[in-house]
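Here is the structure we will look at.
Here the chain labels run A, B and C in written order, and each chain numbers its own residues starting at 1.
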Amino acid sequence: MWLRIEPRPEPSRLMRYLSPLLAVALMLICGMVLFKVLGKSPVEGFKVFFLQPMADRYSVAELFLKATPLMLCAVGLSVGFRGNVWNIGAEGQLLVGALAGGGLALHFPNSQSPFLLPAMFMAGALGGMLWAAIPAWLRTRFNANEILTSLMLVYVAELMVSWLVHGPWKDPDGFNFPQTRMFQSKAILPVLVEGTRVNAALVVALGALVVGWIFMNRSFLGYQMKVSGQAERAGRYAGFSARRTVWLGMLIGGCCAGLAGVSEVAGPIGQITEHISPGYGFAAMIVAFVGRLEPVGIFFASLLMALLYMGGEQAQQYLGLPYSISKVFQGLLLFFLLGSDVFIHFRLRLDRGRK
Amino acid sequence: MQRLKSSITLLGLGLLAASPLAAADPAPTQVGFVYVSPVGDAGWTYQHDQGRKEMEKALAGKVTTKFVENVPEGADAERVVRQMITGGAKIVFTTSFGYMNATEKVAVAFPNNFFFHATGYKTGKNMGIYNARFYEGRYLCGVIAGKMTKSHIAGYVAAFPIPEVLQGINAFTEGMRSVDPKAEVRVIWVNSWFDPGKEREAALTLISQGADMITHHTDSTAVVQAVEEKHKENANLYSFSYHSDMSKYGPKSCLTGTTHLWGDFYTRVVKEVMAGTWKGTNVWGGMKDGMIKLAPLNAAVPAPVKTLVVKLEKEIIAGKLHPFDGPVIAQDGKELVPKGKSMTDAELGGMNYYVKGVASTLPKN
Amino acid sequence: MAPGLVSAVLFATVVAGTPLILTALGELVTEKSGVLNLGAEGIMSVGAVAAFAVTIHTGSPLLGVLAGMVAGMAMSVLFGFVALTLQANQVASGLALSIFGVGLSAFVGKPYESQTLESVPPLKIPLLSKIPVLGHALFEQQALVYVSWIMLLAVAWFLYRTRWGLVLRAVGETPVAAHAIGYNVLRIRYLAAMFGGAMAGIGGAFLSVFYTPLWVEGMVAGRGWISLALVVFATWRPLRVMLGAYLFGGAMITQMFVQGSGLRLDIPAQFLSALPYLATVVVLVLISRNRSTIRLNSPASLGQPFMPDA
């Protein structure tokens, strides 16, 4: 007896939006069971993990701070994913963006120009795009699979950061520790809400969401990408170039990831170290999927994802659970989402009798 | 956004009310610890956690402690430190170099709380720093190695060329050559604080290149275990552990180790803070302060060597012996410290070279 | 170089390459059936912790390896359910498996972090281990090293010399055609993914029970990702997997030997570490640049879901 799925006559719009909620619910149930198994009260566990990170003004601000790079990366990725361009190297593009933007800050340690920060964002976007252009070029010129090349380049980027902070960019007054100088004040993003760390990068991220929404829903180019993503052949008949889809998808993804990199180094970190991103580029893929590749969805999904990170910290302090529980939740969430997504296009049937 | 925030804040008010805010005197003082890696069973973080437990025991009833492990050294550290404070902690210890700037920022924001950062260099009105003179233990390990080696080669598995690691390598070399002038020390950088596979490979590499005294400045027990295994083939192959006493992992072959003891220090500063007598901390404690100790010597160490080590240990504690007493000669032959003088703390802090006797070359980067 | 040193370098290279061969071989078979499972890092982690725990409790490394294998298979069934039965995006499913597996292993493995295992003695092959230089390096290894060679030959033989190997490749090339002539594409892909999971589980077991031997969070340290790169680097050919694994392993080992011998090494370590990834990109470009080389080398329907009724 095999489970069989059969296509729905038409994709279910309802399921499309219900599916993420279903996934979150399943993850929560799983989480409660997990707390129970570990001998913790499920209610207490839920409170600590999912409510405590929103307990006060500062924590809520932190939630937005943590969500900012996720939002940026995810909105860029979603443009590509819609066009079937599988850029899974946002982590690397984020790092190169951070290097480009941060490098500018280090190069002008005394600049008083108000344009320094905008220039850093520009440099970051270019850096991210440059790193994304490599898989795009290899794909369009040599037909090399962008999933694999963009992934490989993540590791190259990580090693590049490591080399720079251990070598040429090391803070000369930093006792040989692997990090650069702190950025000067003109290269640090202004804080939006006094007493918190939430900064101007959030505005950039929200702006990216708006631009992303307009691009996807109101522009001809965005429409073209969607069509060629859904049916490459149809797109080609209609005169859309597959090549352009790849380039656009990769470059937009790289641009946003690069911005995210700058938002971290010019925001809460304030310098370049080996620990710029705890895997935002990968987590952003989960965010993009859970957010249905749509800016509004991504907004909420990135906050949820930030909550999972912060819940893990809380669970350690108040429940004595290891931090890795965050990753378990993240993995479960994506699994459940992918699982429930199937019901958008399909129905499940039990297939008795064998072929 | 403001609206969203206030509604969520309301939601959390119930939780906040439950947390102990500025309670009266009898309530115990809460002390928080931020760790960079999982506590595990040995290594850097394990020793800090041992210190936390000792302090908790010594001040039983007066303090409660909590910790967060595996905190990345990026943007997250600041939040964790801050949430420890808002969660009721009066004092927070941050135990990795990468938390320096985060700790400083929170210390400025919370002038009535107290912060202690391990291994960094930034201090403040309410922020102290502390570290230990690990190199003193390294020197003694080097002496034992020099007495026991047959191949006159020691192997050193190291993580990153920061001053603390270089102090260890150089002190070990000075110690070894003080009793065996022919000795040389070979270093392999694994470029990771923690990769048991690579650490083991590096140890085996050094062994196959003739080293019979092996030590490490990385965070796992892999090196000690690798040596224990190879000890079966070469009875004169020994290891020296670091951070923790790892004799459990090398009962036959681990001769001793430089262990870190933070308990007394933690107890002392927490007491000072509670009594209101704390006035800034810039502690760089060594054997004298009980922050560094050799693990119990293995039975394989001959009695005369034991006696020598005990004597040297006493001299270090008494301040009569400094591992970097002049003349200290750099690898390229330049005299760094003339005879009759010792290296200053500032010079130690900026160490970025090998001394004579280290056979490897320092990667340039 | 002295013969003893050559032997030591070779020995260490073989050891370092073994977990990569095991995992990459499994992934190769999976990918040959048209399934891209990016979860190797997670599977290895879970395999490593399962193997370690069972070895601790039973005292038997053999049972430990079996446990790693079963755990790896369980992980790949989870992946299969989402990516094959439910036809979710394979890239995303693999990524989920990776994140989940690394988290789960850390979580489950907590109580084992403090425990130690007696190291398993190597298996000396009579006569062969007496060969000068090579004998020690090749024939005084852990049993799993020989297993990796046997599996290498077995996979090569299976893929290119048996009917079922042909079917598996057909499923990876043109699933529609394979389905049309009556093969159950889904079932074959499941089996291929499970084989991949089992091998990655054994790869993890090698790390925790034979290589280090210990369990700590994060000990797989990226070897799963390197294995994925390796499959591409090897252009989906079993014997080239071995070559690649020993090249990658050998590069690391040689660098250590150079350092230990005191020779000056002015290339930054990070550059050497980046080489496997760069080499993989280059190989990928070389084989992809025209239609015939890519068809010869990579499974045509890699990563694409197959729906029987489409």
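Everything below uses one rule, namely that contacts are C-beta pairs under 8 Å (C-beta built on N, C-alpha and C of every residue); 3 or more make two chains touch, one makes a residue touch a chain.
As the structure is a computational prediction, the values presented were derived from the model and not from experiment.
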Result of counting contacting C-beta pairs for A-C and A-B, higher pair: A-C
Chain whose mean Cα position lies farthest from chain A: B
Chain A-chain B separation of Cα centroids, rounded to whole Å: 36
Length of the line joining the C-alpha centres of chain A and chain C, rounded to whole Å: 28
Multi-chain contact sites of chain C, meaning residues that touch two or more partners: 106, 110, 217, 268, 270, 273
Numbers and ranges of chain A residues touching at least 2 other chains: 162-163, 166-167, 322, 324
Of all residues in chain B, the ones touching two or more other chains: 38, 70, 191, 364-365
Interfacial residue positions of chain A with respect to chain B in the complex: 47, 51-52, 54-62, 64-66, 162-163, 166-168, 170, 175-179, 182, 195, 197, 264, 267-271, 273-278, 309-310, 313-314, 316-317, 322-324
Complex contact set, residues of chain A against chain C: 3, 5-7, 86, 88, 138, 142-145, 147-149, 151-153, 155-156, 159-160, 162-163, 166-167, 282, 285-286, 289, 322, 324-332, 334-335, 338-339, 341-342, 346, 355
Touching residues (chain side chain C, partner chain A) in the complex: 36, 38, 42, 78, 81-83, 85-89, 91-93, 95-104, 106-107, 110, 184, 217, 222, 225, 228-229, 232, 268, 270-271, 273-274, 277-278, 280-281, 284-285, 288-290, 294, 298, 302-303, 307, 309
Complex contact set, residues of chain B against chain C: 38, 40-41, 70, 155, 186-192, 194-198, 200-202, 204-206, 208-209, 211, 220-222, 225, 228-229, 248-249, 359-361, 363-365
Partner chain A, residues of chain B touching it in the complex: 1, 5, 8-9, 11-12, 15-16, 38, 66-76, 78-80, 82-84, 86-87, 97-98, 101, 109, 121, 160-163, 166, 191, 349-352, 364-365
